[in-house]
Amino acid sequence: MAVVKILYFASLREAVGCDQETLDVPDEAGTVGALRALLCARGGDWSALEGGRAVRAAVNQVLARPETVIAAGDEVAFFPPVTGG
Amino acid sequence: MAVVKILYFASLREAVGCDQETLDVPDEAGTVGALRALLCARGGDWSALEGGRAVRAAVNQVLARPETVIAAGDEVAFFPPVTGG
Amino acid sequence: MEEAFRVSVSEADFDVGAELDALAAGRSDIGAVASFVGRVRGGEGLIAMSLEHYPAMTEKALAGIVSQARVRWPLMGVRVIHRVGRLLPGAQIVMVAVASGHRGAAFEACEFIMDFLKTRAPFWKKEELPGGARWVDARESDDAAAARWDTDQP
Amino acid sequence: MEEAFRVSVSEADFDVGAELDALAAGRSDIGAVASFVGRVRGGEGLIAMSLEHYPAMTEKALAGIVSQARVRWPLMGVRVIHRVGRLLPGAQIVMVAVASGHRGAAFEACEFIMDFLKTRAPFWKKEELPGGARWVDARESDDAAAARWDTDQP
């Protein structure tokens, strides 16, 4: 088990209705992709995290891939493709 | 015959020792290339206009080619490749 | 990141002229300064554009992009400023300025930083329109612009 | 050439910030402003750089280059300023600023204008060095930079 902080931004934050949460992530959800699937499985508004949707992630403020490993104390963020500049 | 004004700039101006002149150009020297050859044939410092040297030309303030035709009243300029910017 | 290479995020507007002057101040080794300013474009009844960001990540991401540019080109200074908050049409959003010895490096690095900023830095735009607010969609052309640097080594 | 598209040649220095502000003043249709400033680089004991030009041709040549850029890209404003006379290391020589709806057009047109200015506008640089004065040679890389636009239609 790994306690991580999870942040949501922009349209994804509005869709799931949550800015941030602290979650005890089971070992089998120890990657960005697995954590995303776990959150999506909550159903309802959380389907905004479904596989077909364009969702990006960062771990400890660095862009991450689905296979990026998550460790206790990490800050994981989910957000839509960026649109700055 | 066509009376034209001829200008020289930068290193070419210094080489030929002349800023500008007015010249009655014979019909057979009625293009930029032929005029250049005529001027070069003066010899001495004017060999700066020899065929092998990088010399550019403008007619009436527009970049010209050797085959560009010269008419009475034209302003013809010879100068080295530009180096502004 | 030393003084000549700076990134920042702020709600306040910025003074491009002052930033460009600061980049080159007291130096005679800089032959070229390329810069870019992005502004809020009006149209379609746009009332305002709000920029959200991920504060803990933003400056880190921008500094990382600048570091990548420095690996690719010999740069003498870089300034990146990105605004957040609510901006009106015509307002400045972002500026990137790059100083180098020659213009090729300055232009390329400035474009590179903008392309990467558009696709890697955590900012999101939301438009306020007469009918309500709408998040701006990411554009495929921005991904394509960033992707060209993958193979196009200078 | 109307107000938003201006070229000039002068001995006086220019204020880049003021010029950029003037380009975008009162407009909300401009999404992107790309600009370039060229400066006198020191080194090799350079004392000064003198710029000669062909007065009757210079602004005509610059305006022609801007017109060509407008044929290739949808531009909303262009400002070109080139200095002449004796300039010290670190001094500004030239600025090109281009306003457009999007960054791709602004960047490309700004580079295009600089590339053509370097190879088509009648300016010549002479360096003052400790051992005497020397005309600067044209660089093949500048010809190559200009030539890429022959085939590279946007």
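Lettered A, B, C and D in written order, each chain numbered from 1.
As a working rule, a contact is a pair of C-beta atoms (placed from the backbone, for glycine too) under 8 Å apart; a residue touches a chain by one contact, two chains touch by 3 or more.
Small disclaimer: the values here were computed from a predicted structure and weren't measured.
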item	value
Contact-graph separation of subunit B and subunit C, given in steps at minimum	2
Distance between chain centroids, defined by C-alpha means - subunit A, subunit D (Å)	48
Between subunit A and subunit B, centroid-to-centroid distance (C-alpha), Å	72
Euclidean distance of C-alpha centroids - subunit A vs subunit C, Å	26
Distance between chain centroids, defined by C-alpha means - subunit C, subunit D (Å)	22
Numbers and ranges of subunit D residues touching at least 2 other chains	38, 103, 114
Contacts with 2+ other chains: residues of subunit A	85
Full enumeration of touching chain pairs	A-C, B-D, C-D
Complex contact set, residues of subunit C against subunit D	15-18, 20-21, 24, 26-43, 89-90, 101, 103-104, 106-107, 110-111, 114, 141, 145
Residues of subunit A touching subunit C in the complex	7, 9-11, 54, 58, 61-63, 75, 77, 79-85
Subunit D to subunit B touching residues, read off their complex	38, 51-54, 56-57, 60-61, 64, 82, 93-94, 114, 117-126, 135-139, 142
